[in-house]
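Each structure below is given as structure tokens.
Presented sequentially are two complexes of chain A, the first with chain B as partner and the second with chain C.
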Partner chain A sequence: MSLTATETPAVDLAILAIYDDAQIEGEPDFVVELIDLYLNEVPRLFDTIRKAVFNKDRSTAKRAAHSLRGSSGNLGVLQMATIAGELEHLENDYSTVAPELLRSLENEFERVKEILNAERQRRSA
Partner chain B sequence: MRILIAEDDPISCRILTNNLTKWGHEVVVTRNGNDAWRALCARDAPSLAILDRVMPDVDGIEICRHLREADSPVHVILLTSLNRREDLLEGLEAGADDYLTKPLDAHELRARLQAAQRILELQESLRQRVRELEQAIEERKAAEEALRNLSLTDQLTGLYNYRGFINLAEHHLKIARREMHPSLLIYADMDGLKEINDTLGHRAGSTAIAAAGQILRNTFRDCDIIGRLGGDEFAVLVPSIKEPESAKVIERLRHNVSEYNEMSGHKFIIALSIGAVEIDHEHAWGIEDQMARADEVMYREKREKKGHEKAQEAQKRPA
Partner chain C sequence: MLTEARTQTRRILVADDDPIIRHLVTRFVQLEGYQPVVVNDGGAAYRLLKTDANFRGAIFDMMMPHLEGIEVMRFMRSEKRLMRIPVMMITSETDLKLMANSFAAGVTIFLPKPFTTDQFQSTFRLLLNHHQEN
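This part shows the complex of A and B:
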């Protein structure tokens, strides 16, 4: 299991800060917009993965995990990106390991939400 | 630039859009392959497309392939995940112009777009140049056509063309009327040119026409007016002549044709249907009317030949 990889931060805020470069003047804070998109997107992807794993629909689960990895990587949510990558490329013991990875993702997301919400408030203030 | 994005992932899509907008580009956002394809087929399609490799319906590589099959000039940048070398090669083979790996690096994206813009501008100036050249060729062709219409001689045989023949013959007939000289108008039509073209090719056909022209030239005098009216039709106006010389001239023509066929060594033979009419000076006007008369006489000969051939074939056929 990958939860031992504690040296990877949950969210690398430096990566998020890169998107300040894409801020268009006069528009709402772009990073806040991205955080909102992410916080909306992740539960939707969890839902898709959960149903797909339950229905043994591996290709759908793989695709959703791929999206989750991409979005997480984009926003510097590194730990989740790593776990999503494991799920995306999971081959052996699928029916036991996949639900465990999903649970790790959900736990990790609780931590990530706190950090992202804090960042959101800092920026909105 | 107008840039199309095809990206199903909302976050990637948003990041791309914001960057491109900030750099002053006009962005057309699509979230799946089908919408992207429709937008790229539209009349005012963007000149550059950034396509995600992986999309749920039609993926970026497939769109690329369709675009190239349709000869589209759209510049395509493919987005692939890092470490997916095989995707990348497949994409370039499908006709992508460039690629970027995700997660996107904004500086790299910007540099690639600048390169793309240079290429697109170069292509556009090339297309513009081709358009100009095509127009110049069109104008040149029209000028040549106009010149041809003005010319009086036939290129293939060097004889007068229709225009040249009519002008000169008309003028001659006026002189003949004034000086009270009779003339002879001969209409000669090649037999079997179509068969020569069909069986030996058009080059042989042209050789046959040129040969017929040469026979006419050898048969008549310098002061006679010889023209190729078009296709396989020739005409000759012989001034100041009357029977029995007229009959002799025709006889000489037929003789020269058969002599040519014996000597030529060609796979084809030259055969002429000939119609001749005498024009006495009192009726020496209206060259076109006179030609219609000669044409009619010629056709009578042609019909008779055909009838004769058919009769021969019927005889050959076993009972």
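This part shows the complex of A and C:
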């Protein structure tokens, strides 16, 4: 059964909070570091996917989607992980569906950014 | 002599092109009391391993640019000075055949993505126990 937007939260903050276990006393907030890395990395991956889809370079697009799926899943960014997985394993109607999936990812990322920035602020307060 | 030195070292080679996973793994390795030696892709891991075998274990992402984790591991299994270093492969692949082939090629243990702190910890300890038994 595939997951849909209505069944999957944009960000499961409970998953993110698991990494509080890895906090070292006196060091910067580890979860904030992860959020910052993620917010920097995703636009870079989008750029790679966009260029690769435009150039019909499926292997590069697949690799970037794979990376996006992995890091999103690990940080509890579940809906993006699901869409990235669809793009990674896309076989049919590639030239039509791949740009649509990329747009879905970009839209979803706007929602994710708000949630992660709010979490970042809460932790930095 | 070489084996003795290797069992004493706390260095763990970590190769992953994903900065988030790399950051997580680096921290988890530190929390286990080991010293991560971190590179950004398979090619860098390969270049390092050509001159440096002093690692207690290695953690590779299965899918990396330039050289996949499995290719780096195959190189390690072909070199006498590297072949006993246990390798953990991090993957989000669920293809059982691929995993079976990877075990056959010499992967010691897999860590599926996404993973929690606890899952990393238990897999890492199994990796190093395997090392002590061999």
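We take it that the second predicted complex is superposed on the first by the 121 of 125 C-alpha atoms of A that agree within 3 Å, B and C clash if a C-alpha of one lies under 4 Å from a C-alpha of the other, contacts with A are read in each partner's own complex, and residues count from 1 in each chain.
We adopt the following convention: contacts are C-beta pairs under 8 Å (C-beta built on N, C-alpha and C of every residue); 3 or more make two chains touch, one makes a residue touch a chain.
Computed from a prediction, not measured in an experiment: that's the story for all the values here.
The superposed arrangement places chain B and chain C in clashing positions on chain A. Contacts of A:75 after superposition: both chain B and chain C are touched.
Legend: residue contacts after superposition of the two complexes on their common chain; A:19 is shown touching both chain B and chain C.
Residue contacts after overlaying the shared chain place A:63 against chain B and chain C alike. When both complexes are overlaid on chain A, the residue A:41 reaches chain B and chain C alike.
In the superposition on chain A, A:33 makes contact with both chain B and chain C. Superposed model on chain A: among 97-105, 241-249 or 277-285, the stretch of chain B in collision with chain C is 97-105, the rest showing no clash.
When the two complexes are laid over each other on chain A, chain A has residues 18-19, 21-22, 24, 30, 33-34, 37-38, 41, 63, 66-67, 70-71, 73-75 in contact with both chain B and chain C. Looking at the complex, you find that chain C touches chain A at residues 17-21, 23-24, 27-28, 30-31, 63, 65, 92, 113-118.
The residues of chain A lying in touch with chain C in their complex are 15, 18-19, 21-22, 24, 30, 33-34, 37-38, 40-41, 63, 66-67, 69-71, 73-75, 81.
Looking at the complex, you find that chain A touches chain B at residues 18-19, 21-24, 30, 33-34, 37-38, 41, 63, 66-67, 70-71, 73-75.
Only residues 8-12, 14-15, 18-19, 21-22, 54, 56, 81, 102-104, 106 of chain B touch chain A when the two sit together in their complex.
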